């Protein structure tokens, strides 16, 4: 498996990354071209038709030049301080740890729920509404509880409770939902042909779950894991912001800082956005890699 | 010993809806241990439905049906059945061998035993080389053979087979017929076997049950029993025997009228 | 709508103005709403649209990106952007006092800052903690080791549940919430006697809060904008003066604009807000230099900014011109005789 | 179709709602029982094992009695003011309008993206990363932009731009993602058998999309729509909190208000949570209803 | 006129991987307009693969292949084909009639024409009553007949059929054979038809192409052409004709050796 993963990384992943970079360059060009176009217009008639109002303003405050954004990476908040790129890098690592825990916890909870919901119509009807309700409650209503709870002395745990774990709890709250919903769909996806086959063997529910429903749901689950991995990263970022995690500098904290000083240094918010984006892509990419490896080995790959 | 006993069995799909279909009407049939029943009848007359009823996969509408003195559901749970469906129904994420291992896994065989048996079965269906292929890489007939291997792998007491040899050429088909008979005699299985081939029905069976078009009813039952209990009988001889041709004609007449 | 009918008559031209608040509508911004309702802006030929704030709205960003003409923001929250190059200036320091407190239960025996030693001290973070940190340092407490700083949600449960010993609170908001909650021991509301407060104004680490901010270079280059700014400050202050003198109808103006708020809570809030403005050491909103320097000093010590922002971040001419006009109209712009009323809070702030 | 919908409502929906209510009552009982149990413990030994720290406190501040919560509905924030239930009701309507617009906009964007992504590996590799990146950017980084954009004078639009539409834009940002991801999965789900059939007829890409891929993706799309409807409601609530809406009071604003005064009146936050939950369920239920009707009529229903 | 011309065609699956399969080796075949080619051979010898190659659904590994002088892909895009696959491949969300209408929709027929033709086809495959049933509600044979109706509905110039009658009983099968011949003669279609039934191959075809086991090669071609261009020939007579039996024997020998 290790070797397989590596091989995939070598071929498909490299191609993938190259395409991504090509699109990145295209995007940067489009950004610059749009900015130049807007500025040319500015010089003549700013309010011409709707360019003035509908599209983002093109001045350097609202659309800092690409080079400014890039060079900002090497700068630091104060003379001799840590550069932004190194701050972002350690921030991303910090946030990824939170996201990873959130992903694992959320996926497990989501899977358990999916299995429960897939059991019977009654279970689905009784439990599904609560899953929905849980998602409709905005994080702002639960963060205080989670934070308090994290601050209480969870002494009985074999490990010490850290504030970042509260962030993971919050992020996992966003994570389990797509896994549960797509998971149910996947667990119910086997054809009646396969289910009847299993029934004809007098297979137990557990066997059917394990040998039919679970493998058949893999393509669905990986889609869900993609959603969940992304949700875990953004949940960790948002969680950091809303709990104001101390004792560490995650991406969320950085982005919050950057957003607050947007007026002064718009480039920095772009740094934050780029940092968050790359972190999200990294998480997503990991899932894609695992998906390719597993689905290739079970022949359930839908493309490539 | 009665293995399957059916009396006054009817099956209606979509009762009360505008697409109601009366699939089976007042079926009576008793199958005793060791019998090989061939079920024959025009397309859509309810053969598959009958197998699925006996297998306890769909509920009966009215009448009575018991398998080994139990309800079909009970019998199913006690693993009395081996079924081969009309379509192969392989698990696409498993290799051919792993597909054959499926029922063995469920019955708790050890890994070594499973592999041994699966390989035997693959040889039996002449697919030894394709053990590691996935269903999508097999031809239609090869898939069907894997499904047969799977149904036979665990020596079920009651075999329900729905046109298992439909996609095979004559030669392979004859080979499979011989193998099936061999296994059934060895394990004393009872078989209910749907086919569209009259010679196949006659060759394999002890009795041929002939069904009439929708609503499916049993129009006649032809005693064939060319082997008359002699399991060592030479199959080639039987296929060329005059009694064989006579029975084929008899079944054809029962089916289509003179 | 009040503005239209009275304004159009006496004005050659009505100027549209957008004001970005720092938070959702509440009595903290009563003066501006009152100025709209009472027609003070329209009398000055302004058509003011008030944009309420929200959790992720940074008023200075809205101001600098052209989404608003003026913005209300706390002073320390603007220092960072200014140091980074934001082109904004404080034109009217409406609040003279800080409303930030550290609240604790009497039985925790926190009577002074030094009593926080070894205690669990709540704060909101996000730039709301500087007065506390400066206060701790001033009393020779190391925030990292001598106290246990704890993230506090934007409500007072942590204090009520005794998860923390001292909680950060705005005198006009969270402090009142404690007084609106039932004390399970007595089944009555908590009273001020149950609580100790530390007021940063008394500790010398207070920082200036709500002020009106404007676009700095536009103000220098565009005389029309300067004129609008002056009228805007004048109208706003007239609103605040009205709310000082007519607190009861002023609260109704707020309630009209925010139907979900409780009356007793907003009455309390307006009373306390008035206390942050009045009595005013200078003419209202004209910067008190000492407090400006104190704010800048604390900001520097707390590393909000690298170097002391000096005095470029505010100008007093506009506020002076506005208050002069008000005085000419006969308004009392110092409120020296104003005294806090006694407000009775009801359960849940009803 | 209207009649069919109605019939479904009559039978399945009523049963569903009854089951939901049954579970609701169960939950309320469990809540009360837990509270009673906790209080009994409190009287003896509060810190016994981990009940004291791990589980929520059971006093009336942290777990207000069910009856208090229910009776709070009829109260109002100030004497003589509008009752909470009526505020919640109009708040829910307000938020539902935002959510509806967000759902429609997000679903359309998501579908368009899904079609694009399903076209080719290149498209998927080039575009998918941006979709991911878009989701990793926390709302905090985009709300300033959206709000500014909304504040600019969008005069060319045939309708007047209201602040709630900015909220819809933010919510649709959460909505399009599950539709795009599940949509691609669905569009790629047809068996090679069906695709080869279409190819044998020399069918165009558009025909294949329309006659095979789209119908085959319906079960996936409805799963996505369920996620999207929930996301639209929570996005609208969060959007209201993070950007504020003038000229109306949505659920988000209410919940925020309630959360801030939690200490003084904990029951209220429960009102908000219940309000948000019911609104989310309503949106979800609508999708389920449409799903049942359509999938029943195409025979693609997986359960029931 | 050459409709299909194949020379030196080979097909290898999974080239270079450890599950490499050589499905077809050096095939040469020319089919002229109006011919009815029956393709016969043991299970897994590459018959379906051959049809899929001719239909342009999979790429060839080496050799040459053209259809109506064009590449298969081109021919496919110009709608020269009607295909009936080994498995019915109905769209499960469409009713039987709507399934038959599918190709007609693609070819831009009007709604009225489509319904008319679909109903004719349903009658032809004896499923008039089941127009509004969904595939899941049809028996295996019924599904296969819908698929046949679909393939024939738009009078394609070149019909590629993969064991289309495999799941039908004798009587229905004979009916379908007669109908197929009828349609083909009327529309002058060229047909390549895979079957496992030697009599069926002989009865229908002008030539029977016999293939040998993997790697699939053409082992011999038997000229049958029992009708000798006479489309009005009586089918029952042909089925009972001595020439028919002789040809059957000839094909059997070509297939399995003497």
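The letters A, B, C, D and E name the chains in turn, as written, and every chain counts its residues from 1.
Convention: contacts are C-beta pairs under 8 Å (C-beta built on N, C-alpha and C of every residue); 3 or more make two chains touch, one makes a residue touch a chain.
Not measured: the values here are computed from a predicted model.
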| item | value |
| --- | --- |
| Any chain that touches subunit E and subunit D | none |
| Required steps from subunit A to subunit E (each step between touching chains, minimum) | 2 |
| Dominant chain pairing [most C-beta pairs in contact] | A-D |
| Whole-Å separation of chain centres (CA-atom averages), subunit A against subunit B | 51 |
| Euclidean distance of C-alpha centroids - subunit C vs subunit E, Å | 84 |
| Inter-chain centre distance, subunit A versus subunit D - centres from mean C-alpha coordinates, in Å | 18 |
| Inter-chain centre distance, subunit C versus subunit D - centres from mean C-alpha coordinates, in Å | 36 |
| Multi-partner residues of subunit D (each touching 2 or more other chains) | 139-140, 144, 241, 256, 259, 262 |
| Residues within subunit B bordering two or more other chains | 87, 136 |
| Per-residue overlap in subunit C, given as positions that touch at least 2 other chains | 55-56, 58, 61, 65-66, 154-155, 157, 161 |
| Interchain contacts (touch definition) - all pairs | A-B, A-C, A-D, B-E, C-D, D-E |
| Of subunit E, residues touching subunit D in the complex | 52, 55-57, 76-79, 81-83, 85, 87, 89, 91-93, 102-103, 105-107, 134, 136, 160 |
| Interface residues, subunit E side, partner subunit B - complex | 13-14, 19, 21, 40-44, 47-49, 86-87, 132-133, 137-142, 145, 162-163, 166-173, 196-198, 252, 255-256 |
| Residue ranges of subunit D in contact with subunit A within the complex | 15-16, 19-20, 22-23, 27, 49-50, 52-54, 56, 121-122, 124-127, 129-130, 132-133, 135-141, 144-145, 149, 152-156, 177-178, 181-182, 185, 188-189, 219-220, 223, 226-227, 230-231, 233-234, 237-238, 241, 252, 255-256, 258-259, 262, 269, 272-273, 276-277, 279-281, 284, 302-304 |
| In the complex with subunit B, residue positions of subunit A that touch it | 191, 193-194, 196-203, 207, 211-212, 215-216, 218, 298-300 |
| Subunit C residues touching subunit A - in the complex, by the definition given at the top | 55-56, 58, 60-61, 63-66, 77, 80-86, 88, 124-127, 149-151, 153-155, 157-158, 161, 163, 306 |
